[in-house]
Amino acid sequence: MKILLTNDDGIHAPGLWAAARVLRQVGQVFVVAPDREQSGVGASLTLHAPVRARRVTVDPQLSGGEGFGHPVEVYAVEGTPADSCILALEQLVGAVDLVVSGINAGSNLGWDVMVSGTVGAAVQGYVRGYPTIAISVGGVENPQFDAAARLLQLLAGRLFPSGAPGPDQGSPSNNLFLNVNVPNQPLTGIAGVRITTLGSRSYGETIRIEGNGARQRYWISRNRLIATNPEQGTDLWALRNNYASITPLQATLGHQEHVPAVEALLEGIAAQLLVHDD
Amino acid sequence: MKILLTNDDGIHAPGLWAAARVLRQVGQVFVVAPDREQSGVGASLTLHAPVRARRVTVDPQLSGGEGFGHPVEVYAVEGTPADSCILALEQLVGAVDLVVSGINAGSNLGWDVMVSGTVGAAVQGYVRGYPTIAISVGGVENPQFDAAARLLQLLAGRLFPSGAPGPDQGSPSNNLFLNVNVPNQPLTGIAGVRITTLGSRSYGETIRIEGNGARQRYWISRNRLIATNPEQGTDLWALRNNYASITPLQATLGHQEHVPAVEALLEGIAAQLLVHDD
Amino acid sequence: MKILLTNDDGIHAPGLWAAARVLRQVGQVFVVAPDREQSGVGASLTLHAPVRARRVTVDPQLSGGEGFGHPVEVYAVEGTPADSCILALEQLVGAVDLVVSGINAGSNLGWDVMVSGTVGAAVQGYVRGYPTIAISVGGVENPQFDAAARLLQLLAGRLFPSGAPGPDQGSPSNNLFLNVNVPNQPLTGIAGVRITTLGSRSYGETIRIEGNGARQRYWISRNRLIATNPEQGTDLWALRNNYASITPLQATLGHQEHVPAVEALLEGIAAQLLVHDD
Amino acid sequence: MKILLTNDDGIHAPGLWAAARVLRQVGQVFVVAPDREQSGVGASLTLHAPVRARRVTVDPQLSGGEGFGHPVEVYAVEGTPADSCILALEQLVGAVDLVVSGINAGSNLGWDVMVSGTVGAAVQGYVRGYPTIAISVGGVENPQFDAAARLLQLLAGRLFPSGAPGPDQGSPSNNLFLNVNVPNQPLTGIAGVRITTLGSRSYGETIRIEGNGARQRYWISRNRLIATNPEQGTDLWALRNNYASITPLQATLGHQEHVPAVEALLEGIAAQLLVHDD
């Protein structure tokens, strides 16, 4: 069983290696991740410049020491998380059985997933037909990865009960894309696990101005809390109540419920457009 | 009526000015757009470096000449399309009545919207509660903007029939997010207008390798056609049949249909996680 | 007579256009400059990514209005000042009679020239055998370009008295590389013109720390005044005494005066190296 | 004795660690280097964005194994070589006794030093008053670092014969700045050591065009050999004749020999400037 592990905090992030340590007990792990931290880049690709990737040797302690589970092969990519995932699946590693992105230090909830590099990398695994897990813990400063790592191990074990992909591997029913968020607690602090829906905007952006005149610059921060009272059943609600949240995702922004409103808006527009009333 | 116009092809792109020329007949246009072309950046934000924005004067011919409709105020942003939209709405312009992103040279269909800067900018208008239109034409090399500009003008006129926002402006029912794709044809070549669903992957990535050894570099291109036979009713299908396509979008990746499969997968996992069988 | 005009403050900088207005009275001006401000990049080249250049039309008022002197052809380069100069001389413009870089807002004195984009662009003209002028005024916030523009016009007129390159053009004797710094004063405030030597370090760097832990970042600023009492005859001394300073430059860092000390240091080292005492 | 070791090939470059292995036998080595390869950036500084630095643990084999000489402390900097050197000397490490930049894979000869990151980093040590060595080998593809490492060890031993800085440390006479280039040969292939002068332009730039129309891009390469017959006594000549070349450098571009020509050019210009004949 082959597992691609990537992230957006970069190749040196402790959360990546917390994931590597549990995953290498499940299968052969290939780490292909950005060489630098990449928060906020979402699903962006590098299309106008070349990307470099470097095979690296890392301190074996990072992944649990020598002789601990399957070997780990590691590449550092001078690009975005999505670049890393594409480069892995199309070139450096090839087909895998599972794609994991994380463990991110900081939650990826609600609308945040649109600008999340963790999810942005994962989506490249999902659209290629692989079971995919994006996983984060709800703390940036002192992240605790133990509970998330344990949950990741359980999820991988359930996706592949025999420790290897089954005959229906690759079938649409098995092609799940899970966005997992775990409270920043030790295992004993977790209230349970909830299957949730993606919430709405959790944080808004604020602008800080620096300098004057021609030297003026703007800093964008995502620090304005919007979801003060999140709806029950959402990922935001779950995390705020100390539940680990698991949200099934897709890779489309289509909005069927708005079709009637759009139909009303557009009634007769084709005639108007094509008669070109000029 | 105030309109924010942005794009991902950059402040100098002809498609932006084709949009400006029709929109300034509808309202006061503020152009806030990247100073450089930004394809493939999706919804990415610049969070770890400051962004600069510069008020610019452009050749008046670009927007239809002096004294033609309402005045146009223009800012060039050293950042992504989403940076530009956020900076406009939070700082440079403030609240508006309509957000338009485009007219992009090159379609944004199906799963492409995840890495589209055109849609990535627009989404920042939508999540702030503004009616939002992302608009593209299906040709990169010799884009023809006339039909798309005419359709954009009609859409703006229908959203604001009186030429000004109505009393329910800002209500959720009016907060539509439309992804518009127009065939690269003169108006006479357009077969009609279709309300569509977002298709699946249209293009896959390929990797081109350059150089050897330590100098090896990878170029990512999105040029491998996947949707050779798109499903009827999708945006891909519409464009391939010379229809202008209008797809209602949302800003979430949540996937309700996968909930049962996830429930089955997770049965009893909380107990397993929390008893921590170590 | 063909003149290449570049800078490091970018294509929109007022100082560039103050230079364009006087130079187009002397010859045909080609502006090839970065599309963004580029301070501190020195002579750096973009070798690992492609550079884009775009022919641009600018507000004719910028260069003194239509029909004012020779026409001006303008390119914006997504690269460094040195990239711009190389691209102009090797591709976009070809051979010229004079290279001018500036007028920079902020002096480029003493050791500062090593990290100056203004000088870094100019050096690419000089090493190709063209007479070259780098020119700056001593004020960043409210730069006054009139005196510098007038001096630039005089210098160009003296390099080409007949308004055209003479027969000895391109000969080494004519291949001067002048670093010109003008006090930030109106013409009436200038005490005179001095031929100077390059001073030593004028400003040192300081580091400002931002954020904590994994989010810690360092800002480098060049704001620590070192040359409090500059030696008479240097460019720093001249500017501080309200003289315009003209310093002849070369493009080498070789240090003949240190040869004896190095000879003493290295005595017998070859024998030691080659006998390889291992 | 404290030694700062930096480079422009990045923290993972074998040449850096070849230097670390010999220098840690001389003193306490602090490696502060870019996290990515940075060729062609010269002395450029990052002034408009924050720089991150990360303490890293590297595979101990890289620096010769545990318990081999003095310990090595390592930082990776998300910036230029000059950023790295400044950050080290002003913040991360503080004062040192020796600054070494290299061992670079690829020579840095003649005018190349103006765009060399190896020299660009070193110059920041020299202007702060530290003895400084920039060192390179003449091969990019299969660089052989043994001879250069041995020469570096000898140079450090001669600068500090007692293994520690002497009482005159920091005095100008001891503040040498040496640019060392070693042929890409095993020790037995080195013909000797020469004190040289900096040659002129060794390589010129060529431009390769890619794409068409709005997608056109330019690649700058430094691959056009200019110095086909280098002058005897120069660094280019030495390397071509299999000598290790040691060139004393300074950090100024001043050109005293051109003063008479400039005096002739400028005769009476102050009067002309200040009477302002308008």
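Letters A, B, C and D name the chains as they come in the text, with residue numbers starting at 1 for each one.
The criterion applied here is as follows: a contact is a pair of C-beta atoms (placed from the backbone, for glycine too) under 8 Å apart; a residue touches a chain by one contact, two chains touch by 3 or more.
Keep in mind it's a predicted model, so treat the numbers as computed, not measured.
Chains that touch both subunit A and subunit C: B, D. Listed here as common contacts of subunit A and subunit B: C, D.
Shared numbers divided by all numbers used gives the overlap of an interface; between subunit A and subunit D this overlap exceeds half, so the copies present the same residues. Look at where the CA atoms of subunit C average out and do the same for subunit D: the two points lie 22 Å apart.
Centre-to-centre, using mean CA coordinates, subunit B is 41 Å away from subunit C. Subunit B and subunit D have CA centres that are 46 Å apart.
Shown for subunit D are the residues that touch two or more other chains, namely 37, 48, 50, 52, 217.
Against subunit B, in their complex, subunit D makes its touches with residues 37, 48-50, 105, 140-141, 213-215. The part of subunit B that touches subunit A in the complex is made up of residues 37, 39-48, 50-53, 80, 82-83, 86-87, 90-91, 110-111, 113-115, 119-120, 123, 127, 147, 150-151, 154-155, 158-159, 173, 176-179, 187, 190, 192-193, 195, 197-198, 200-201, 205-207, 209-210, 216-222, 244, 246-256, 258-259, 261-263, 265-266, 269-270, 272-274, 276.
Taken in their complex, subunit C has these residues touching subunit B: 12, 35-37, 48, 52, 54, 56-59, 78, 217.
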